[in-house]
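Attaching a single structure in structure tokens format; questions to follow.
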Amino acid sequence: MAGSKYAYVRNFELPDPLLPGTFMVLRLDGHSFHRFSDEHEFTKPNDARALALMDHAAMDLMEQYPDIVLAFGESDEFSFLIRKSASLYNRRASKIVTTLTSLFTSSYVFRWAAYFPDAPLKYPPSFDGRLVLYPNAREIRDYFSWRQTDTHINNLYNTAFWALVQQGGESTTQAHTTLKGTVSKQKHEILFARFQVNYNTLDPRFRKGSTLVREEISEEPSDRDNGGTEIGALVPGPDTPPAPKMRTRAKPRTQIAVLHCDIIKDEFWDARPEILSG
Amino acid sequence: MAGSKYAYVRNFELPDPLLPGTFMVLRLDGHSFHRFSDEHEFTKPNDARALALMDHAAMDLMEQYPDIVLAFGESDEFSFLIRKSASLYNRRASKIVTTLTSLFTSSYVFRWAAYFPDAPLKYPPSFDGRLVLYPNAREIRDYFSWRQTDTHINNLYNTAFWALVQQGGESTTQAHTTLKGTVSKQKHEILFARFQVNYNTLDPRFRKGSTLVREEISEEPSDRDNGGTEIGALVPGPDTPPAPKMRTRAKPRTQIAVLHCDIIKDEFWDARPEILSG
Amino acid sequence: MAGSKYAYVRNFELPDPLLPGTFMVLRLDGHSFHRFSDEHEFTKPNDARALALMDHAAMDLMEQYPDIVLAFGESDEFSFLIRKSASLYNRRASKIVTTLTSLFTSSYVFRWAAYFPDAPLKYPPSFDGRLVLYPNAREIRDYFSWRQTDTHINNLYNTAFWALVQQGGESTTQAHTTLKGTVSKQKHEILFARFQVNYNTLDPRFRKGSTLVREEISEEPSDRDNGGTEIGALVPGPDTPPAPKMRTRAKPRTQIAVLHCDIIKDEFWDARPEILSG
Amino acid sequence: MAGSKYAYVRNFELPDPLLPGTFMVLRLDGHSFHRFSDEHEFTKPNDARALALMDHAAMDLMEQYPDIVLAFGESDEFSFLIRKSASLYNRRASKIVTTLTSLFTSSYVFRWAAYFPDAPLKYPPSFDGRLVLYPNAREIRDYFSWRQTDTHINNLYNTAFWALVQQGGESTTQAHTTLKGTVSKQKHEILFARFQVNYNTLDPRFRKGSTLVREEISEEPSDRDNGGTEIGALVPGPDTPPAPKMRTRAKPRTQIAVLHCDIIKDEFWDARPEILSG
């Protein structure tokens, strides 16, 4: 074959299999999203449209990859748990991490117009992805606790910060100074005393992030559905996209639900033993 | 800090630095593009719009990442050469491969409508990416020869195949049978004898793939520009996108050119010693 | 500093940390031991001196590295289990695998004369080592079952083979032919019918391999000590080495015991929950 | 087969091939040799017997592994250059690094008595090994320059230090203080002014380390052999080992020479272009 004398260059492609029997976590992060959110005038401290778009892209990934059993998102990042017995792409690290990162990105851009009908995308956004292996269920629990704690800390800070700026008339520099060194309780107090905001009653989407799980479809409404939102619910007007068609899979009795609930305590996990049982 | 008791999970994120002093080649491949091209009714054997869109996404990558000194694309794949001295993202493998794959994907979806104004994207396409290290310039030469030889072999086959089907009235099964076991010369003869097609005069874009290089901007038109096409030139009508604005970089004297030339012989490389000098 | 302009070469030393929270198994294998055992006239099918020497080298490793909680040896190989929480050498793969392989080798050569007083070492033997990660206790159980099953299969074959050769007068070629295709039961019958050997009453050292564990020292003899042998017990004559002095460690209540028992069934593991609890 | 249900554990053994087309450098270091040299009463600042023993072990490695084209040793460390085209053990990292480290260790212990006939080994010494890839010849030059510069710096310091202690009557603490902050030139002056030692005339073995190369055997003595020593030449008395028998290889016209020469300047490399040509 004509190409055969060059084909030796394939010998430089080294295998990169992931250790079997371990959980994989893929975490995606927006690349330069500080600038991206400014350029596209995201609402501060949270832009519900942008968060719902992230959720939708995450849902697309879960539709496509049944090995993903859980996802958690906040701000411009999303984490996906791939079950420990998965043999996806023969557990080749590069193949998994690039294909999933690519599909998430693609879905984000593809669905942009549905969530931002009046704000065309100015340039193509990108995400980076990393894959981390965890051998034990305990570490998976702690990983997701770590992310949700981060959501809490960041959102409380940002909520207080933007209240000081938007309603309190402080400059951003002043607001940073005001909050410097404050503990959680003090931020709650600032919000309540100065702006009559009870942080704990704000939309759980902002306080708890988005948790995507597979749920069995039943006749009655699921009583697990605490605080969930409908994908697409935020999209106004005539361009509202139809509900995604791919939502139900071959085994027709599951669908993906978007929850905004606590995933640090046992309750969430006790109700879904299949997530960690692998 | 509230999250600190969970932060130990970061210890499972292991470093993945790439060996210094080596060339990196990133190769992107369309994921399930056989189906994707069918669903979006790509012209056979080559769809000029789809190829130009790939070129544009590749150009976006080169605009954003000055460490990329060369790119070569054919069909639904693209290869990028990153110079050996690059310290991009501290040479962290995952970061590089995911970020670049993501941006390419994003750009592909973002620019779709400009190249396919009458064929809306039906679902989000994705790409996988792999990063391969090459220690020596010889291997880089052979890598790109390998890919362009592949372009030649595939395109000759596909051109003959679709001529038999589209003009010769054969079924796809018949056409495969007709071509089975034929060597290059015989395919040329089939094209010429039965369809009056001189393969060597077909658009070099199809026969040679797309090669993207950085070129110095001069007053006179570059005499290197053999067989190149303008990004956007294929896009008809009022929706034709403006020429990409980012094309010139901080050092204002270079721009990215898309060529359709031979990259196997020495001439291409001798004229551009900077590509391999690192 | 005079050397500083060259020190950049250290940047090519890439990190190789092992995933935390996983069990490590180090397996050492004799390099070209077929030839080595011939040159040093090892007794067939088993050389008790050579096996005891292997055990002693393994014990030296366990003395030196408290993170090793179990070892199993047969023929010219030895496997070591390192507990999952070990932070030995910051879990750097190369450092661990080379240092432990080196010490085992060193001990083997150092102690050779004690076990082979009449057969000086003709040339330096070597071992290769490999480190394998296992995330779950089940896999560790199965790993050691795999090795002990291998011991059984090999030893039964070799025992029958050498009986045919040494007592049955067959050539080695004939003996291979005689055994070809036989199952376990048939080998037992050959041994019993032709050579009056009841395989199950042979020395458990040969049938079960050597299992090294840490045991608490008590006043009374341990009732766990089923089938164990004393290190050094096989060494005859005036050169018999004194019992190794390093046997007891800082926490003075444990010592290393060499057992020749079943490690496939639950009993062994149920009696020593600390091995897998990590 | 009886063992088949456990054999899945082999799936956890992941491949670890090294990048083709790169030089490999293996560096071995004595493990806790500060203590080892004290316990075995090595002469300070240099023990010629210990260095010759290291050289002999290194020579054994080169005899056994023709892919090693150069070695350099000082103190308790040795570096080996493996040519870039080597396919040794299919370039499996663990296999290479453990087998070579093991053989070096084994040889060191095996030959101990020949170099230390009056000082029996008290316990088994060990070495760690690391394998580093270098893509370019320049880096190999710089690697060996780095090691020889280190030899120079350490030996000058140690020579001055032990002169102060052994002949100058200083305590080790005083000697450290005396030397603190001194540059190279000042150490030379201390040696010359206080102890009438011209550092540059000391045995080049100590100042330049040991460089092992393969040399063609010719009728006349090689004129490359500047400053080399014979393996075994330092061993006194009736126990002097015979010259190693394995020294000549299948291609009978090369042997390994031990040199104590400069390897930083071009001369050494210009005379031996085969080392870097691969």
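A, B, C and D label the chains in the order they appear, each numbered from 1.
One rule holds in what follows: contacts are C-beta pairs under 8 Å (C-beta built on N, C-alpha and C of every residue); 3 or more make two chains touch, one makes a residue touch a chain.
Not measured: the values here are computed from a predicted model.
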{"item": "Chain pair showing more contacts of the two, B-D and A-B", "value": "A-B"}
{"item": "Chain whose average C-alpha position is farthest from chain D's own", "value": "A"}
{"item": "Superposition of chain A upon chain D: rotation angle, C-alpha, nearest 5 degrees", "value": "180"}
{"item": "Distance from chain D to chain A - Cα centre to Cα centre, in angstrom", "value": "54"}
{"item": "Rounded Å distance, chain B centre to chain D centre (Cα mean)", "value": "49"}
{"item": "Chain centre separation (chain A, chain B; CA means) in Å", "value": "31"}
{"item": "Chain B residues counted as touching two or more neighbouring chains", "value": "12, 14, 19, 21, 133-134, 139"}
{"item": "List of chain B residues in touch with chain A within their complex", "value": "1-3, 6-10, 12-14, 31, 60, 93-95, 97-99, 101-103, 105-111, 121, 123-134, 139, 142-143, 145-146, 149-150, 152-153, 184"}
{"item": "Residues of chain C touching chain A in the complex", "value": "19, 21-22, 84, 133-136, 139"}
{"item": "Complex interface listing, chain D residues touching chain A", "value": "11-12, 14-15, 17, 19-21"}
